[in-house]
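So the structure is just underneath, and the comments pick up after that.
Going in written order, the chains are labelled A, B, C and D, and every chain counts its residues from 1.
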Amino acid sequence: MQQVIFIVLSLLTLSAAVMVVASRSLFRSALWLILAFAGIAMLFILLQAEFLAFVHILIYIGAIAILIIFAIMLSRGVMDPNEPRFNDQWRLVIGFGALLFVGLVVIMLRIPWPVNIVAVPADAIQLLGADFVGTYVIPFEVASVLLVAALIGAIVIAREH
Amino acid sequence: MVPLTWYLLVTAALFCIGLVGALSRRNAIAVLMGIELMLNAINLNLVAFWRYAYAARMDGQVFAVFVITVAAAEAAVGLAIIIAVYRQRRTINVEELDLLKG
Amino acid sequence: MSESLVNLLWVPPVLPFLAFVAIVLWAYRSKKLSVGLAIGAITISWLIGWLLAFASFRAEGLAEDPLRIFRDWLPTGSTWHAFGFALDPLTGLMLFMVPFVCLLIFIYSVGYMGIGKPQGAHDERGMPAEAGHVDPLVSRFFAYISLFACGMVGFVMADNLILALVFWEIMGLCSYLLIGFWFARSYPDPNKITPKEAGLKAFLTTRIGDTIMLAGFIFLFIQIGSLSYSEIFSPASLEKLATTTANLPLLGPTPWATIIAILIFFGAIGKSAQFPLHVWLPDAMEGPTPVSALIHAATMVSAGVYLIIRTYPLMTAVEHGPALMFISIIGAFTALFAATIALAQNDIKKVLAYSTISQLGFMFAALGIGAYIAATFHLLMHSFFKALLFLGSGSVIHGMEHGHHETAHADGVSAHGDITQDFDPQDMRNMGGLFRRMPKTAWTFLLGGLSLAGFPIITAGFWSKDEILADAWVNEHRIVFFVLVIAALLTAFYTARQIVMTFFGKPRTPAAAHANEHGSIFWWMTIPLMVLAFFAVVGGWVGIPTTFPVLGQFSSNPFHHIVGSMAEVYGFESEELPFSLMPLMASLLVSLGGLFLGWLAYRNYGTDKNYALSPTARPDPLQRLLRGLYPVLQNSYYFDELYDRLFVQPTKRLSYWLYRFDDQLVIDPIVDDVGKVGLYLSEASRWFDTHVVDAAVNGVGTVTELFGNAVRTLQTGRVQNYLLIALVTLSVLLGAFLLLPK
Amino acid sequence: MYYIQDLFVNIARSWTSWISGFLPLWAVSGVNYLIMAVILVMMPVLATLTLTWMERKVIGRIQNRIGPNRVGPFGIFQAFADAVKMLVKEDVIPTDADRPVFNLAPILIAAGAALLWAVIPFGRGMAAADLNVGVLYIIAIGSMTMIAMLMAGWSSNNKYALIGAFRAVAQLLSYEVPMVLSIATVALVVGSMRMGAVVEAQVVPFVVVLPATFVVYLMAGIAETGRSPFDLLEAESEIVAGYFVEYSGLKFGWFYIAEYGNLFAISAIVTTLFLGGWRGPGVSAVPALGPFYFIAKIVAVVFLMMWIRGTWPRVRIDQMLGLAWKVLVPVSLANLLWVAFVMKLPLPTALQWVLFVVGGLAVLAVALGLLGRAGRRHVASKGMVQT
């Protein structure tokens, strides 16, 4: 059962990703991107990381995707659909991308991954929170600083002069 | 349960697709989307490893959240830059943004 | 020991630092606010420091396992390096002294820097303010001393050498900044060292010691794999250090413990201004007097001693090893050597500076002969009375300046003009008869001086110094004993000289005649004096040995128990010495005798026949006694000049010669000859040029151009191309990694 | 008797046991999920059919009219009439519209309205899926609505639609922040993000315990549903009908349904988070009462919203965004901090809750005071007459 769901979801995600790269209209590819995000979120749920899944939806779909769409709309009319969407090196890129993929797969199959599947603790979310303000408090604070900096920087950059 | 390698396969594929997008599209926003895909692949990888190897502790998810944070910041700044560039040069075609050229 | 105190451990060092940050970033505009911040912070950390200190005195077994608060910080390979603070009886003692003295000196500085006085009209930044005006940079001053307080407190509380080193360097930095606090000051005669240069000198000189010490730390880390006290001083690692040896060129196999001990001791030599790195301390007197009291008498210079006390297990790892001998030799020698110099100084602060050096020498000598407890005792007592003496001298100087100010205004001359230039308010020859003028200062100074001279029974200095002498005597260290006795005699002598010249006799200048300690600011300055005087006298009574006749049965000698608990852990001699008459007699003799001789020699200094001479020109009684030697002493054995010849000048000359060599012996000839040859060649081969070279040149040009065109296509300036290159490289390498056989 | 006491749950149980008699397990769960899905989908439709009528009645009364009174007694069938009208209308798709997106948008937006119901407990143990991150789920679904709006605005290839979409998303984004903050406050107090737990925790309804939070959330909710006074996304006077100008017929109907569905859902969420959900006198004895209390409370909240709509003028968009960023966010932040601080204090829960009330009221008072000063200054600077 899980295998079926997984296969369906991953096919959905991957095809959506391909469409993101391939589609001609930016807006469309943004929508495909959203679909890919959703697929990944569902994969998270399959991995029993519900919290992460919904955070993922909230941030990627609710914030980043919308941001991207805004950007697309604000820079509308730059891309006239009949000029090529790929640059001249796209064949090379695809070739070597495929090569990289093959390499990764080979590594993946070679290495005996240390799998030990245990049940996710019932109070996973509490543990997560505890980690954030406990073991990882400094990275957490740094991340928040980073966010603030990014916010200010974005405003400064994008402000009309 | 699904074997771990399946997840790794998917993430690897997703990563490479994002890479191709980031390296081959001409529009800056499309490039950004490719990068987002790559980040997602990484996230999925983290969570998969967390679930299959260290489910007892939450470190994997912690790092996933950090990745998400960074992605958010990156998207905000990147798009701001794109908008600014668009105002400046009326284009967001990456090929024409070659000021790095000496 | 209530475990809740653990959570307070980080407070004493951190608060002054916060004050520093707050002042530097925000509060510096308002002088009052800055001072308030600094004093408030140090007050709180003083209270908490005493809380911890007394708790540590009462606690049992704190010496075995100190109270620690720490956090993994630095990943050092396999292990983590934990940073944190620890509290054991020794730290407790230092915590009793350091924040308290800091607080008193902060309060003193309020008066000394003239907080609340009007801003001088023509006071410029980086110059001492005109008398009766507030220093323009006073906020900065308080920021610096707060940072220094952080450094010192942190240093005594650190639980590992890395953290200790950090605070150690913070102290060094503050010392540099504060010595050079009046960076704009300059003197008419070029030989007199300016504050800026003095700060630089201090910094560089100590830096020599620090570097060597760092080498010691590194060796230690290589040997033990940790720098945390708890691990270094564990019997196992001490054993390891004592047994494993390194093969030194001349000395043959030497135990690591000895090497490391000596290397670390060099750090102490630098910081505590021991011979041969003592030269910076006298010049450090260019700094404001509170700084001299705080950094160069009470705390920082004694940090070197504290370092040795702290790492004493390391020093004693090898039984009767050369390390201890080295320490004792340096210490004893410095004690005597500096005392002799102090005899001939006329600058009131210089005398104290040299006496500080010699007293520190006492402590090192004590450590060298294994008198762990005595050294610690003397360290604390010395901090109290030497701080007192410096503050007193500062008050005297201030009074002199005021007096000079008044007289100058009486003459109708701007006191900020040339007169301050040639009149030196620090020169004892200009003083005299200040006892009546500034009684509070005089009394306290007198007490401090007696304590320094080791006036019997009542003063603290007597007990601590006596214990050192007794230790030296009982443990059969005859040479050290006699050297120290002589040093003590000289100490008493120059103390008497200083007191007499400053306070007794008749005023030798109008300034001295008009000196006073009235006015609001003097209260800020005199109250700390009184408090310190109290400790300079009573402080010693906690260390009265129980074996002492008569007094012994009243004393429980708590000090000995506190430090003894430390000593027992590491197995130093910690039982009380049997009473022996010889050292007692000796110290009674030298202190009283010295004081008496000094008084005898100087009782009517300057008041005799050559009264006509200007005060600075009158001969010193010692000049008659030791003729040729006197100037030698006065110029402190010409060490500055010596070092100048030995190190400074050669360096300059070397660099100059390198430059000359490069410029005149290499480049010019080459250029000329090349020119000539080129001329001939060109003459000879114009035709060759025209026919061959041009072609070749053009050919080269075209080839280059071709290559250039070929290569420049690589740099497109497009991110994606670069990334593509990265991708190609990555996948190729990956392929290689996968396909090639391992 | 017992069967009646917990009627709905027992019905569900017996139904499940009955079908599991002749169906394999996965099929049983499948069937049950299907039924739940149907209920969820029906929810917005139901809401629309009832609430339109109610709204028109209420607004009518407020505006001193009678409201619909022709079709059926008191015009209760007005909604059905409208529905029929909508169904028979022609379905126009503008030329060079992005067709698939254009068609997808209304479905998504209605789906968003329906999905909200998945985590809302109608009674004890009566939630379709009581996720342990239910609160987060609600927020996440909200983002789906935004996407749908953008899709609609973009695909219909119409300036006004695009601007409307922009406005709508800007509004939703900016009001999501205070909304999330206030929800976070509730989650903090409850110590769980499960909707069921939130209801269970409300011995005293949180509207009393966390007044500031409630106010903030209510305003944010009104903004989220895009109702007056925050109904700029369809400000007829400025941008005809907002992002769904181009829609007509059934597709427009979907938007319409979504709107009322959202209204209903938001009211349900407010009820769950602040009014104690299905709690009420005698529920512990007779759980079957729960749903009725729940519905009653929802209707009360809906009525409140209609009242607000009927009585307040529309604000300008800058005022609206300003309100979100300059008032609601600080207020909710302050409140959140206060709650977190109090929860750290070693006090009995009751005392803590009292402190919550005090702090919340204080925050509200301060905010209103500042607003008043700002308003007066504004009036003075503009030289308006102060009424």
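Basically, a residue touches a chain if its C-beta (ideal position, glycine included) is under 8 Å from a C-beta of that chain, and two chains touch if they have at least 3 such contacts.
Fair warning: this is a prediction, and the values are worked out from it, not measured in the lab.
By label order, what chains touch chain A and chain D together?
Where chain A and chain D might share a partner, there is none at all.
Computing the C-alpha centre of each chain, which chain sits at the greatest distance from chain D?
Result for max centroid distance from chain D is chain C.
Would you kindly tell me how far, in whole Å, the mean C-alpha position of chain C lies from that of chain B?
For chain B versus chain C, the centre distance works out to 55 Å.
Just give me the whole-number Å value for how far the CA centre of chain A lies from that of chain B.
Computed value for the inter-centroid distance: 6 Å.
Whole-Å distance, chain C centre to chain D centre, using C-alpha means?
A distance of 70 Å separates the two centres.
Show the residues in chain B shared as contacts by 2 or more other chains, in ascending order.
Only 19, 23-24, 94-95 qualify.
Which positions in chain C touch two or more other chains at once?
If we look for residues of chain C contacting two or more partner chains, we find 718, 720, 724, 727.
Can you pull out the residues of chain D that are in contact with at least two other chains?
As it turns out, chain D has no residue touching two or more other chains.
Pairs of chains that touch, anyone?
A-B, A-C, A-D, B-C
Across the complex, what residues on chain C touch chain B?
For this pair, the touching residues of chain C are 715-720, 722-724, 727.
Write out the stretch or stretches of chain A touching chain C in their complex.
87, 89, 92-93, 96-97, 99-100, 103-104, 106-107
Considering the complex alone, what residue numbers of chain A touch chain D?
It is residues 1, 25, 27-28, 31, 34, 50-51, 54-55, 57-58, 61-63, 65-66, 69-70, 73, 125 of chain A that touch chain D.
Applying the document's contact rule, which stretches of chain C touch chain A when the two form their complex?
Result: residues 718, 720-721, 724, 727-728, 730-731, 734-735, 738 of chain C touch chain A.
Chain A touches which residues of chain B in the complex?
Residues 1-2, 4-10, 12-21, 23-27, 29-30, 32-34, 36-37, 40, 43-44, 47-48, 50-53, 55-59, 61-62, 64-66, 68-77, 79-84, 86-87, 90-95.
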